[in-house]
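Presented below are the structures under discussion, each in the form of C-alpha cells.
Shared chain: subunit A. Partners: subunit B in the first complex, subunit C in the second.
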Partner chain A sequence: MSKIQRIVILGLILFAIVFPLISNNDYFIHVMTLSFIWMIGVYGLNLLAGYTGYLSLAHAGFFAIGAYSLGLLTVKAEMNFWPALLLSLFITGVLGFFVGLISLRTKEHFFAIYTLCVGYIIYLVIDKWDSLTEGVRGLIGIPAPANIGPLTFETLRSHYYLVLFFLLLVVLIMYRIVHSLSGRTYIAIRNSEDLAQTIGISTMKSKLTVFVISTVIAGLSGALYASFVRFIGPDIGSIAIVFDFLTYLLVGGLGTLSGPIVGTLLIVVLSQRLQFLQDYRMLVFGPVLTLLIIFYPRGIVGAVAAWGQKRRSSVHKTRLNNLPEEQVKEG
Partner chain B sequence: MTFLETRKLTKNFGGLVAVNNVDFAIEKGKINAIIGPNGAGKSTFFNLISGFHPPSSGQVIFKGQDVTKLPANKIAQLGVARTFQTTNLFEQSTVMDNIIVGHRLRTKSNLFDAIFRTKRLRKEEALCRDKAMEVIEFVDLQKVAHKPVSGLTQEEKKRTAFALALATNPEIVFLDEPAAGVNPDETEGLATLMRKMANIGVTVCLIEHKMQMIMKLADKIMVLNYGEKIAEGKPEEIRNNETVIKAYLGGSAIA
Partner chain C sequence: MEILVQQLFNGLTIGSVYSLVALGLTLVYGILHIPNFAHGALYMMGGYITLTMMTKYGFHYWIAIIVSILVVGLLGVLMERFVFHPLREAPPIHDKIAAIGILLFLEAFAQFVWGAEYQSMPTPYGQVVEIFGLTFTMQRLLIVIAAIVVMILLTLFLKKTFTGSTIIAMSQNREGANLVGINTKKVAMLTFMISGGLAAIAASLSAPINLVFPGMGHLVILKAFVIIILGGMGSVPGAILGGYILGFSESLGATYISNDYKDIIAFVLLVIILSAKPTGLFSKGGH
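Moving on to the complex of A and B:
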C-alpha cells in the first residue's frame, strides 16, 4: 500500500467516524447506515464474483436467510442478539455449503442461472412458509442488538457505529484474503480454471470455501439489516435485491477492493437525489450502467486503477529514455 | 529407465476414438516429442496424462504409481506440469504475479493464515516469491518481470507459461505446441530453453509442428495418426519412416 493510499483510507475512516457527530440530520445517518449494510453484502458477492469469477445471483437469498435467521431466533426463540447473530451466520454458512456443493458443478452462465433459481426458491420458501416466517406479513419487532457491558445500541448513532465496525472488519478480512496466497489462488481460478488445476490447485475445494465465506458475509449483512430496520418481509430475498447488489458492484468495480464502497455510495446517493423521478430514475441508471460496462468493465475503481497504471508506465518509459545509453543496457 | 509410461491408453468421444491403444514410455531427463497431423489426438493424449480427461481404458504410470484416475491437481502435486496451446495467463497482471501462484501447491497456508497474517503465511509468501524469481531468471524474463502480461510478445508469453509450469517444482513438463506463433529466431531461443530444462533434470515432453526444430531437439519422437501410434524412435528413424511420410503426405504418396 502506498503512502497516499494509507492517508486516503485513514481520512475516509475518520470521516465515517465523525460523520454522525457533524450531521444533525437523522435521515442522512439512516441512509448511511443502510448503505454500509449493503456494502457488506456487496463485499460478499465481490469475493465470489469479482475474485473467483463465479457470479452468484442467489445472494439476496442468503441475505434474507441471514436476516430471517436472526429475526426468528430473536423474536420467536427469544434468544439474545449476539448468540443469535453467530447462529444465523452459522445457518447461512451451512445452507451456503450445500447450495455451493451442487451449484459449483456448473460454470459461467449456467452457474448464474442456477443460482438465480436457487435465490428465487429461497424467496418462495420464505414467502410461503407462513407458520415459520409469517409469510407476507413479515417479522415484526426484531430487537436492537443487546448491550455489551456499558455499550448500548438503542440509538440510531450507536447503531451506525456498530454497522461501521462490521463493515471495517469485513473490509479488513477481504483485504487480507485478497492479498494472501489464498487470494492469489482464487484469482488464478477466475483467470483460468484449467490452468489453476494444472498448477495443482484443488479448484472445487477453493471455490466451495469462497462460496461459503461469501454467503456468510451476505448473511451478516442481512442480520444487521434485520436488527437495524426491525422489520423484515420476504421482499428482502427478492431478485430485485440481488440486482441492486450487482449494480453497486459493477459500478464500483468488480474484483476491486474499494469497488463495493464506491459503487454503493454513489448509487445510493444518486437514488436519493433522483427520488423525485420515482421509478423513472431507472431511465437514468440503465444507460449509465450500460455505458459503464462497455467502456469500463472493471467499474469506476478499475478505470482509475488502469489510468494510474498507464501513467506510471509512461513516466517509467520517459525516465528510461532520458538515461544515457549504457545505463539502459545495464538496467 | 522408464519414468512415465502409458499402457494401452484409449479415449473415446462417443463413436470417435481420439486415442487408440497407445503405449508410450518417457525416459527421465530426455526430450520427448509427439508429432502427427492435425486431429491425430496429440492434445487429447496430453489431457489424458495430465488428468483432464479420464481415459476410456488403459493406464498411466508415473514413477511406478498408477495415476490414471487422479484429478489434474493431484497429478500436478506429484510433479507433472503442463502448458496449454493458448497460454491462458492473466493478462492484466504482471509476469511476477502470474508466476507466484505457481508454487502454491507446495505451500500449506489457508484462510485462517490469510485473515490473521500468520508467520507461516509470511514465510510461504516469501518462499513463493523467491521461487517465482528463480524461475523467471531461469527462463530469462528478468527484464519484463514487473510488466503486465498483456504487453509481452508471444515468445515472452510462452516463456512465462514455462516459468509458471516450472514454479510447481515439476519432474516432467508437458508442453503443448510451445513454439506455435513464434518466429524462427525466437523458436531457436525456446528450443535452447527446453534443452536447458532437460539439463537440470526436468524431463520434457512436447507436441510440436515445427519439424526442423523437433528433429534437432528431440531425443525420441512418437508419431500419432488417427489416435494410433504409427511410429516411435530417434529423429533419424522417424525421418525415414515410410508410414510417417504417408501419414503426412497422404496415402497415395510414394516415399
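Moving on to the complex of A and C:
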C-alpha cells in the first residue's frame, strides 16, 4: 500500500466515523447504514464472482437465510441477539457448505444456472413454509441487538456504528485474504482452473472455502439487515436482490477491493437522487450494467487504476502498458 | 381417470410452451455458447407486443403474432450485434452479466410503457369444444397444434435448407464453419432472430390462458434453463423432449402432490440432475 492510499483510507474511515456527528439528518444516516449492510453482502459476492470467477446467483438466498435465521432465533426462540447472530452465521455456513459441495462440481454456465435455481428454491421455501417463516406476511418485531455491557444499540446512531464496525471487519478480512497465498490461489483458479490444478492447487478445496466464506458474509449482511429494519419478508430472497448486488459490484469493479464500496455508495446515492424513478431505475442501471461489462469490465475502480497506470507509464516513457488496443479479432 | 386425462392434456399445453421457449434458448446456446438470461424478457416483450397490436391497433390475433415475431426477432438481432458480438472474446462471466443487464432494462421498460398491472389478452378462440366426452378450450388445442407445427417447420428448416444447415454447422464447429466460407456473423444474427421469434410465438400463444405482466418471463426462463440442461445444452430434440417432460411432471405434480409447490418441481429436478451429472444429461463432450 502506498502512502497516499493509506491516507485516503484513513480519511474515509474518519469521515465514516464522524458522519453521524456532523449530519443531523436521520434519513441520511439510515440510508448510509443500509448501504453499509449492502456493501457487506457485495463483498461476499465479490470474493466468489470477482476473485474466483464463479458467478453465484444464489446469494440473495443466503442473505435471506442469514436474515431469517436471526429473525426466527430472536423472535420465535427468543434468544439473545449475539448468540443468535453467531448461530445464524453458522447455519448459513453449513447450508453454504452443502450447496457448495454439490454446486461447485459444475462449472461456468451450469454453475450460474444451478445457483439461480438454488436461490429460487430458497425463496420459494421461505415464501411457502407458512408455519415457520410466516410466509408472505413476513416476520415482524425482530429486536435490536442486545447490549454489551454499557453499549446499547437502541438508537439509529449506535446501530450505524455497529454496522460500520462489521463492514470494516469484513474489509479487513477481505484485504488479508486477497493478499495472502490463498487469495492468489483463488485468482489463479479464476484465470485458469486447469492450469491451477496442474500446478498442484486443490481447486475443489479452495473453491469450497471461498464459497463458504462468501455465503457466511452474505448471511452476516442479511442478519444485520434483519436487526436493523426489524421486519423481513420473503422478497429479500428474491432474484432481484442478487441483481442489485451484481449492479453494485459491477459498477464499482468486479474483483477489486474498493469496488463494492464505490459501487454501492454511488448507486445508492444516485437512486436517492432519482427517487422519482424508483420503479424505473433499472431503465438506467440495466444498460449501464451492460455497457460497463463491454467497455469497462472492471468497473470504475478498474478504469481509474488502468488510467493511473497508463499515466505513470507514459511519464516514465516506458509505454509498456500501452499495448495496441485495436486488435483485429475475426472468426 | 377423467382428471388424469385432463391433466395430461394440460401438461401437453404447458409443455408445448416450454418447448418453444427452450428451443430458442438452446439454438442460441448451440451457436454462441452463452446462456441468454435475457430470453425470458424477450418472451415477455412478445406477449406485450401482441397484446398492444390487438387492443390498440385492432389487428387480428394472427397478424398481431406476426408483428410480434418480427419485432422481438429484431430485438434479438440488436442484442447480438451490440452486446454479445463485442463480448465474444470476453470471459464467460461477462456475457451472463450483460444479459442480466438487458433483462433488467427490458423489464423496467415494459413496466414503464405498459404499467405493472396484470393484463389479460383477448382471444378469438375462447369457445369450448368437446372431444370424447372431455372438454377442452380451443385456445389450449391451438397452443398444442401451433407449437407442433412450428417445431416441424423449424426442424425442416434446420435439416433441409442450406441456411438451416449453416446454423447446425456453426453449432458443431465455429472455426470450421468459418473456414468453409459460412458467414458466421450472419448466422449468429439469424439464430438470434429465430430465437426471439420463437419466444414471441410462445408468449402470444400462452398469454390468453395466463396473463401478461412485466415479470411473466421469470419462471418460464428458469424452467427453460432446466429443460435445456435436461435435454443437453444446444440440442434441438432435447429441448422439445425436455419441455414436454417438464410440462407433464408439473401438471401431474400439481394434482397429485401439491399445487403450492408445483413450481419447485422443475428446480428440484434440475438440482438432482446436476448433482448427479454436473455437465447435464446427454451432454456432448468438448464443451
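Just so we're on the same page, the second predicted complex is superposed on the first by the 316 of 331 C-alpha atoms of A that agree within 3 Å, B and C clash if a C-alpha of one lies under 4 Å from a C-alpha of the other, contacts with A are read in each partner's own complex, and residues count from 1 in each chain.
Note that in this section a residue touches a chain if its C-beta (ideal position, glycine included) is under 8 Å from a C-beta of that chain, and two chains touch if they have at least 3 such contacts.
Keep in mind the model is a prediction, meaning the values are calculated, not measured.
J.: Which partner chains sit in contact with A:Val251 here, subunit B, subunit C, both or neither? Use first/second/both/neither.
T.: Neither: A:Val251 stays clear of subunit B and subunit C.
J.: When the two structures are overlaid on chain A, which partner does A:Thr106 contact: first (subunit B), second (subunit C), both, or neither?
T.: A:Thr106 contacts subunit C only, not subunit B.
J.: Return first, second, both or neither, reflecting whether A:Ile293 touches subunit B, subunit C, both chains, or no partner chain.
T.: After superposing on A, A:Ile293 lies in contact with subunit C but is clear of subunit B.
J.: Between subunit C and subunit B, which one touches more residues of subunit A when both complexes sit on the common chain A?
T.: The partner making contact with more of subunit A's residues is C.
J.: Is A:Leu181 touching anything from subunit B or subunit C once the two structures are fitted on A? First, second, both or neither.
T.: first
J.: So, A:Ile241: does it touch subunit B (first), subunit C (second), both, or neither?
T.: Neither partner.
J.: Same subunit A residues contacting subunit B and subunit C, which ones?
T.: Common to the two interfaces on subunit A: nothing.
J.: Which of the residues in subunit A come into contact with subunit B in the complex?
T.: 173, 176-177, 180-185, 187-188, 191-192, 194-195, 197-203, 209, 213, 309
J.: If we count contacts the way the header does, which residues on subunit C are in touch with subunit A in the complex?
T.: Answer in residue numbers: 33-35, 83, 86-94, 96-98, 100-109, 111-112, 116, 174-175, 178, 184, 218, 222, 225-226, 229, 233, 260-261, 263-264, 266-268, 270-271, 274-275, 278-280.
J.: If we count contacts the way the header does, which residues on subunit B are in touch with subunit A in the complex?
T.: 50, 52, 71-73, 76-77, 81-82, 84, 88-90, 93, 97, 100-102, 104-105, 107, 109-111, 113-117, 121, 124-125, 128, 148, 164-165, 167-168
J.: Per the contact definition, I'd like the list of subunit A residues that touch subunit C in the complex.
T.: By the definition above, subunit A touches subunit C via 49, 53, 55, 102-103, 105-110, 112-114, 116-118, 120-121, 124-125, 128, 239, 243, 246-247, 250, 254, 279-283, 285-291, 293-294, 297, 329, 331.
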